[in-house]
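Order as written gives the chain letters A, B, C and D; numbering starts at 1 within each chain.
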Amino acid sequence: MTKALKSFASDNNAPVHKAVLGAMMEVNQGDVIGYGDDVYSLEAEQTLKELFGKDVKIYFMLTGTGANVAALSHITRPYHAIVCSDKAHLEKDECGAPEKHTGCKLHHIASDDGKIYPDQVAPYLKSVGFPHHAQPKVISITQATEMGAVYQPEEIKALAHFAHEHDLYLHMDGARIANAAACLDTSLVEMTRFSGVDILSFGATKNGAMAAEAVVFFNRELARDFEYTRKQSMQLMSKMRYVSAQFQALHSGNLWLENARQANAMAKLLADRVSDIPGVRITQKVATNAVFAILPPTAIEKLQRRYFFYIWDAAKHEVRWMTAFNTTEQDIEQFVSAIRDAVDSP
Amino acid sequence: MTKALKSFASDNNAPVHKAVLGAMMEVNQGDVIGYGDDVYSLEAEQTLKELFGKDVKIYFMLTGTGANVAALSHITRPYHAIVCSDKAHLEKDECGAPEKHTGCKLHHIASDDGKIYPDQVAPYLKSVGFPHHAQPKVISITQATEMGAVYQPEEIKALAHFAHEHDLYLHMDGARIANAAACLDTSLVEMTRFSGVDILSFGATKNGAMAAEAVVFFNRELARDFEYTRKQSMQLMSKMRYVSAQFQALHSGNLWLENARQANAMAKLLADRVSDIPGVRITQKVATNAVFAILPPTAIEKLQRRYFFYIWDAAKHEVRWMTAFNTTEQDIEQFVSAIRDAVDSP
Amino acid sequence: MTKALKSFASDNNAPVHKAVLGAMMEVNQGDVIGYGDDVYSLEAEQTLKELFGKDVKIYFMLTGTGANVAALSHITRPYHAIVCSDKAHLEKDECGAPEKHTGCKLHHIASDDGKIYPDQVAPYLKSVGFPHHAQPKVISITQATEMGAVYQPEEIKALAHFAHEHDLYLHMDGARIANAAACLDTSLVEMTRFSGVDILSFGATKNGAMAAEAVVFFNRELARDFEYTRKQSMQLMSKMRYVSAQFQALHSGNLWLENARQANAMAKLLADRVSDIPGVRITQKVATNAVFAILPPTAIEKLQRRYFFYIWDAAKHEVRWMTAFNTTEQDIEQFVSAIRDAVDSP
Amino acid sequence: MTKALKSFASDNNAPVHKAVLGAMMEVNQGDVIGYGDDVYSLEAEQTLKELFGKDVKIYFMLTGTGANVAALSHITRPYHAIVCSDKAHLEKDECGAPEKHTGCKLHHIASDDGKIYPDQVAPYLKSVGFPHHAQPKVISITQATEMGAVYQPEEIKALAHFAHEHDLYLHMDGARIANAAACLDTSLVEMTRFSGVDILSFGATKNGAMAAEAVVFFNRELARDFEYTRKQSMQLMSKMRYVSAQFQALHSGNLWLENARQANAMAKLLADRVSDIPGVRITQKVATNAVFAILPPTAIEKLQRRYFFYIWDAAKHEVRWMTAFNTTEQDIEQFVSAIRDAVDSP
């Protein structure tokens, strides 16, 4: 465990963007009231309202799991079911927190790239009205998905239309929504509110922040009493200004987009540069900042001595490489060179 | 809501100590693995182990409520009861999070200063073995209490002895444990491990940090599997180094103690300086950084125009004033002068 | 543990009334659809609707704790608080099931006879709107109380008025509602719907049934989706006709009232007959079927060798004696004689 | 909804066996202590201990969902995962009660006949030790399965061996365990304790009882404190003797086995008799008391006018027919004749 290694394990292995940390230092003066009723938090809230619309409801949170779980527990009752992909962070990577805190059943749809579609949700509606079955109430999608794929706005609209037609809500886990926006070259509001999303887990941590997430309600009726759910979900930070400052730094200008573009571009570069290495096969379309690849097993082992990254599917020798806002072309070139070495060496 | 006001509302209205923020900047370079397996986090863990003993188990958390709730849910089953004071943060100020997440019943003991004693816990043991009653399993105390009072180590030992004799655990909410240590002029380990505490919610946020809490297990058997409870409690930060750096800054030297001493000294000064103002009556012994006082109602109103603070008991015109590491003598003098003005004016 | 003893321990120590068991035998023929969609269940539902009004919503349940907990969990969110008396079954005798299943905090009001009043609930409303505090949402009262006391309809109306004025619901635990009706000589609907109760746990078990409870919604909007809560609360019986038959037997005629009157009369008789025994002191007004009395400690011990009953408060040598539909005058005379013996003997 | 129809919808559409109701009448005399400390309950417990071994721990319950959920919640923590088949009652038919009450994630394995095997559980063990994933702790199997299939004792042993090797428990949902025993012509203890099952949901309701289930702990350490879990799970009946009498009636002699044999034989007969009807295809092996069949859609519609039964898979025109202890050869002949009519008519 040394500091020296470059990590391709996750975009949360990156540090905090300098401007974000700078903004946190700037608010570090004097006393302000806690829990979000301070000027910095109100400013940051305003900034996000300019992105999403004046009438949305915004609540700052501390962790991505916290944002997902608090959002979903607030819009469900325990006898409801939540439909998501089998790759969803919700389903796979939150240690059962959604079940524990919402009480709901999770239905997961098998998906290669993490995207799901209305016709895959439809079969779960057979349970509606049958008291022995959990009642579907939310479709939760991830934008960009855990596999790096991106929903087109039309696909989101189709899901929203389907959801609302059947009295369901559409939740979006936007831990990497910036990367999706950069990929689609569209605005955050287009992919969310304008596409019919009811409630968004809005991530900043993976986009260059330290620990800053938000729950954004486009369906404002759903927001009623959310301040209690946030507090009870242990996600209400006392010194809130330091979360707010992170959002302000990223979203008062274009930093969020630049960060996402850089991460995406580096993933694309990486995928391009390894595409002709014998024995390396890219397994997912590279739309955002993740590259999935199959490597010779011995190469994986060698490479992991020099770089952090996760083995995605051991049986298939598939690995995941993620880039972040701080990944440079030089990082990629060195990594590619290491991959070549690892693959070449006997 | 302006930035200019000095706040006596809470020690969480204070900013972050410069050295803490400095330490966070220092770790802000390059990639490190997430979720606590980085060198900075291991260092900080070592630092705390030097305080508490090599063999304790330490888990960093994000919020005080999160630390309390995760700790208590881990050492209880839902049919258990937790006994605490009626002033406990747990009982009063966590929006029912303990009940929601542990499933346990909370028994609260009426207390003026927030301290409880074995003979007050004893009556709840009548329920032991009776399946219609929740089964007492944890005594939770707060050091220093929400009323600013401090348990003597002997008092903690008596509670621990009583608890262990009856197969209960002793939990300490140490959101302001630094203030208690400063008051008692004793070490953190003396008041906790050496006094028989099984599990500690160890707070740094109110001691000059940004958002840094930890759960410390002195009873190491209880720690088994806590990594899952932490994650499921939505308290596992991905970029953990920034929490760790806060602990490192406060506890690798004496900063934590200096901060606490300053806060305590300023509370003492405030209490002394208002003691002769007619119409002002101090209602709790000032042991740490809280001053409770009764004021003429019109004075409260006037004073609140210039300073943030909470009305503690409206019926009794009782207010709470809290100091923090950043409170200065000048702050106190100006505040005292404002109190005099408010009381004097017709 | 022999069969021979007469029990004054609880009205649930009584057997099932012959007519109730007879009704269960009568429905015991042929197949019917399960889970309540059978003719017997529809009939019983009709019978109860004649008591409470055609438009109420009625759901049969299996246990009193199940009825209380399912009812309360359905009309609350986990960040709510439920206000009840410190004698409430909910608070004392359900092993923390309300906290576990609703997630809510319970606020209990100290009460000698188990009755609570609006001015005692009022202080809890200070928490409204403060995100750190659980939000009061339900007042739960027990009719008759666990101490045998009875609310006058006007007292219930006052609580309902207060509740609705403050956006709270009024829940009634009616485990012994028949005894209350018999005492007040009023109808069940008068004490519930006409007095503003929103939701009732309607008990039959203690009134001569085997295991039959119901949740009755007077506020019909609250009933939406309750079929899922009942199922998820593990209270949906498959062979429902046998629960329905119990209600039908008790409520298609006056059996419920006769049973309650007999139990009440026997408690009154018992209280009268012991009132002049030296050393015996009745400690609660005897309005329904419970008698609380202080006895010399040696007398308690002797008496318990011949009869089942509970010591209510060991420190005060206070016992509880309950009568039931099957208690006879002869039972009382023999018991009184045993009490005399126990008190007299050296 | 008339009383006249014969139902093939479920074995819980059957009435209560006369001898069971008779036993309930017999215990209906005089007072006995509640909640299971009465002679009848102790007798019934003894009876079951003769089946399963003197040292097992037995707790009577009210519903099958209640038995499953209380059992599983008692042996898990919320960060655990439970592995079962996708046909499991637990997964499909309990309205999310397992998730709500245990907090655990359910992993379901796709299965045609409801049986699962160690190699299908193995992949879930990859999560062990990874704090982002729920930790597998229980394998839950149903004997007989919801599809009417039966595990051989060797298959159960293999699952138990696998479970214990990996620090998991083996739970059996025995709602229809009597049918499985009848099919295998083996004892209840052979299929459970002797095959390594740790904890059993022992069903009587579908075997001719009214509402009688039990949780049986073969692994006695797991039973510690279960009396509190039962009470908190709202499954503790006050007038327990009436549940106990049901078990006594079924298990003090061979009634349980006769009932199961009759149900199984009638399913076999039904399957045989329809096997040559054109357009009718049996889709599952008939081992116990369920027959799954594909029929022409118009035939289904016609048949449902005269008989209750469920459409299992609408898309495939697959229905489920269940027999019970009270199904007679005449019932089968009439039903078969109705099936012929329905299939034949244009």
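Assorted remarks:
We take it that a contact is a pair of C-beta atoms (placed from the backbone, for glycine too) under 8 Å apart; a residue touches a chain by one contact, two chains touch by 3 or more.
As the structure is a computational prediction, the values presented were derived from the model and not from experiment.
The minimal number of chain-to-chain contact steps leading from chain B to chain D is 1. When the C-beta contacts at A-B and at A-D are tallied, the pair with the greater total is A-B.
Inter-chain centre distance (chain A to chain B, centres taken as mean C-alpha positions): 33 Å.
Mean C-alpha positions place chain A and chain D at a centre distance of 42 Å.
Contact of a single residue of chain B with at least two other chains is seen at positions 78-79, 94-96, 100, 131-132, 134, 228, 231-232, 236. Chain B contributes residues 78-81, 92-96, 99-100, 103-106, 131-134, 314 to its touches with chain C in the complex. Residues 35, 73, 77-79, 131-132, 134-135, 225, 227-232, 236 of chain A touch chain C in their complex. Remark: chain C residues 1-7, 9-10, 12-16, 18, 21, 24-25, 27-34, 37-39, 42, 62-66, 69-70, 94-97, 100-101, 205-206, 210-211, 228, 231-239, 242, 308, 324, 326 touch chain D in the complex.
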